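Note sheet for the following structure.
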């Protein structure tokens, strides 16, 4: 990277099953908040990057066109990225690239989903011709991978339930989150309906409407911004093909390579000790131990021990998803950017009630497809050396 | 004069019809299924055996070799138990969807596993295909109704 | 700006409908061809970027299938835009500016033939509350823009026929006698939809010099968006094209007026005089490849314009070239790329 980059503004909308606002208005909520946070007006933005998951989710094709006005993008270069569920992370990184390349001084990265406009479950489970209708749904793909993780690690069955409780309790401290359950118990999770063995209903992410926006800029302008910047210490993305024998979907190499590259840029050699908080893309509870291992925050097969020892709970030494994470709100097009943005809020000291005290370095992580797309960044309170 | 009630929702149904092109590689596999044959192809570069096979090996990017028939049995590599209603289900939950590694192939095929109680399905279970009757055979994975344990004792 | 050039361009023939090959099967041979032309292997590529759109493919997450054509193993640095692949080219060019790598491969696929009826699909590009419910058919907005130009005296039906007649051996009077599809547009004024894939390989600095005898240096690239609502825009000019052209010229040190070849993403004949004016093209040969009027493979069309413009530089027939790409109905979003035989 040519000179440090930083996030100087973060905005979000309230997440809910259904927001009775237009798509443009939903997006505008996050955009307005991000600009206000950065102390900027529309005229200060040089480029816009839009993150969104498949257009079939809400039926709007090439939404960058319709949203030009809502995003304040008229007269600006606009790019709409799509890389599966990791798109929010990819978009944040591409936005940073535009600044690093000298093509823009301040980039607005916008992400949203308004899945209530369409039929999300149908859009995901449409069968292809000449194929059996297995009717497995989204989790039907991930459940077998989780089963394999449990087999390899020997993790006890309550780990997933514990993660679900941690995240939903965390969400109670996040006014934007969709599902906020300060009262959730392990027993309630255990008794909730089984969806795809071993994933239970209360261990799964919801489908949400929501938006997120961040402003990324370079060091000179970051130092002038009214509120503390979140400095980007390292960022990376990696993709691996889904269809070949011997692919390890439990601990995908693309995820390991991605995290390793970002840590290398950040000068981090012992992530578990040097990272204070992690916002990881956890759509089903068991992905917390799996991604802890995949991103190098835990040794292989040991991720579940961190959960079991309460180290990843809000008061632990490596809190995961203090925002409540994906389990507490999943506007798929925005979810990745929310992880990146929440990491930024933590190191800026601006996470309000869900602020992890003393958070100096944080990881934001996003995943897409059948664990094929990975994006991760490390942000810090201080500018990198 | 008072303002009218705000419009909160409007229905705007979309319908889009598409042609699906199976492609050259997939076509070979599908035609095999219509004859109750599971066809695999080997990459001459890395020797990976694909079933179903694309036209090009996704690692070497070279065309894969000619099709050859697999015996059809294999083992459950991983699986899940679908316990809840979802669109497009053929069977009542709970039922098992598995990734099956066919003997002779390096890739896995996703399909149903039946004729066994879900709680008795395990990784490593040996399974064989149950084909549909002649009147239901088609160039489709539905030509295999499901997989079942090879050993009745496993059921 | 770091010196970055096109070192290879390949495309598959644009056919009305390919019913034999799936996405990976269409893209893979073109990738192979583009790599062979500059002597690279897949493992030599540092970054991949692609452009395609689910609503042409008819499946969600459709682009993931194209990754099999790329062979994303070991894991690669990669990104995708759900737009014309010209925007993937812009992303790859920006990525090469970072200095993290030396080569990038951009691929685009567009299959217009899978949708049974594009009138079902294209209205989805519009404001879902105010415009999409009107379900304007695929050429309606273009018709509005063309009529606005005619009403303003900036073009005429005869001029449109001349644009078409230049490429096809059909007398103007015969063209003018054909019925309208969206007045003043006739069938021959509409770029025919088709299926094709295209690949461009980009390289930086000395790597580019090593890979191609005459690299086509990207001297300037910019894109700009206009307001969405056609009723608010001045449809008789393309302000975003003019703006993108001016910004690209600032970067390049020369302007559209200086290029010998211009490949324009003209989805309709009327867009040719409109874009020529907006860009300030002077003596450029427009669409020597035939342009989209010879075949419009959806989300590959803009990338092909860049490739065709680059080809003229690489084969020595031009010193300076311009490529234009568009996104959305009635030219709402436009990209301009200036290429030259000299790096600066």
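A, B and C are the chain letters, set down in written order, and residue numbers restart from 1 in every chain.
Everything that follows uses one rule, which is that a residue touches a chain if its C-beta (ideal position, glycine included) is under 8 Å from a C-beta of that chain, and two chains touch if they have at least 3 such contacts.
Since the structure is predicted, the reported quantities are computational estimates derived from the model, not experimental observations.
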item: A-B against B-C, pair bridged by the larger set of C-beta contacts; value: A-B
item: Chain occupying the middle, per Cα centroid; value: A
item: Computed distance of Cα centres, chain B from chain A, in Å; value: 30
item: Distance from chain C to chain B - Cα centre to Cα centre, in angstrom; value: 37
item: Two or more partner chains touched - positions in chain C; value: 55, 59, 67-68, 71-73, 121, 124, 128-129
item: Per-residue multi-chain contacts in chain A, two or more chains; value: 59, 126, 128, 241, 243-244
item: Contacts with 2+ other chains: residues of chain B; value: 12, 14, 20, 22, 26, 54, 58-59
item: Chain C-touching residues of chain B, taken from the complex the two chains share; value: 10, 12, 14-26, 54-61
item: Footprint of chain C on chain A - complex, ascending; value: 1-2, 22-24, 48, 52, 54-62, 64-69, 73-84, 90, 94, 97-98, 100-103, 117, 123-124, 126, 128, 236-244, 253-254, 257-258, 369, 372
item: Chain C to chain B touching residues, read off their complex; value: 18-25, 28, 31-32, 42, 55, 57-59, 67-69, 71-73, 113-117, 120-121, 124, 128-129, 132-133
item: Footprint of chain B on chain A - complex, ascending; value: 20, 59, 121-122, 125-137, 139-140, 143-145, 147-148, 151, 193-197, 199, 201, 241, 243-246
item: In the complex, chain C residues that touch chain A; value: 1, 48, 53-55, 59-61, 63-64, 67-68, 70-83, 87, 90-91, 94-95, 97-99, 121-122, 124-129, 222-229, 240, 243, 327-328, 332-333
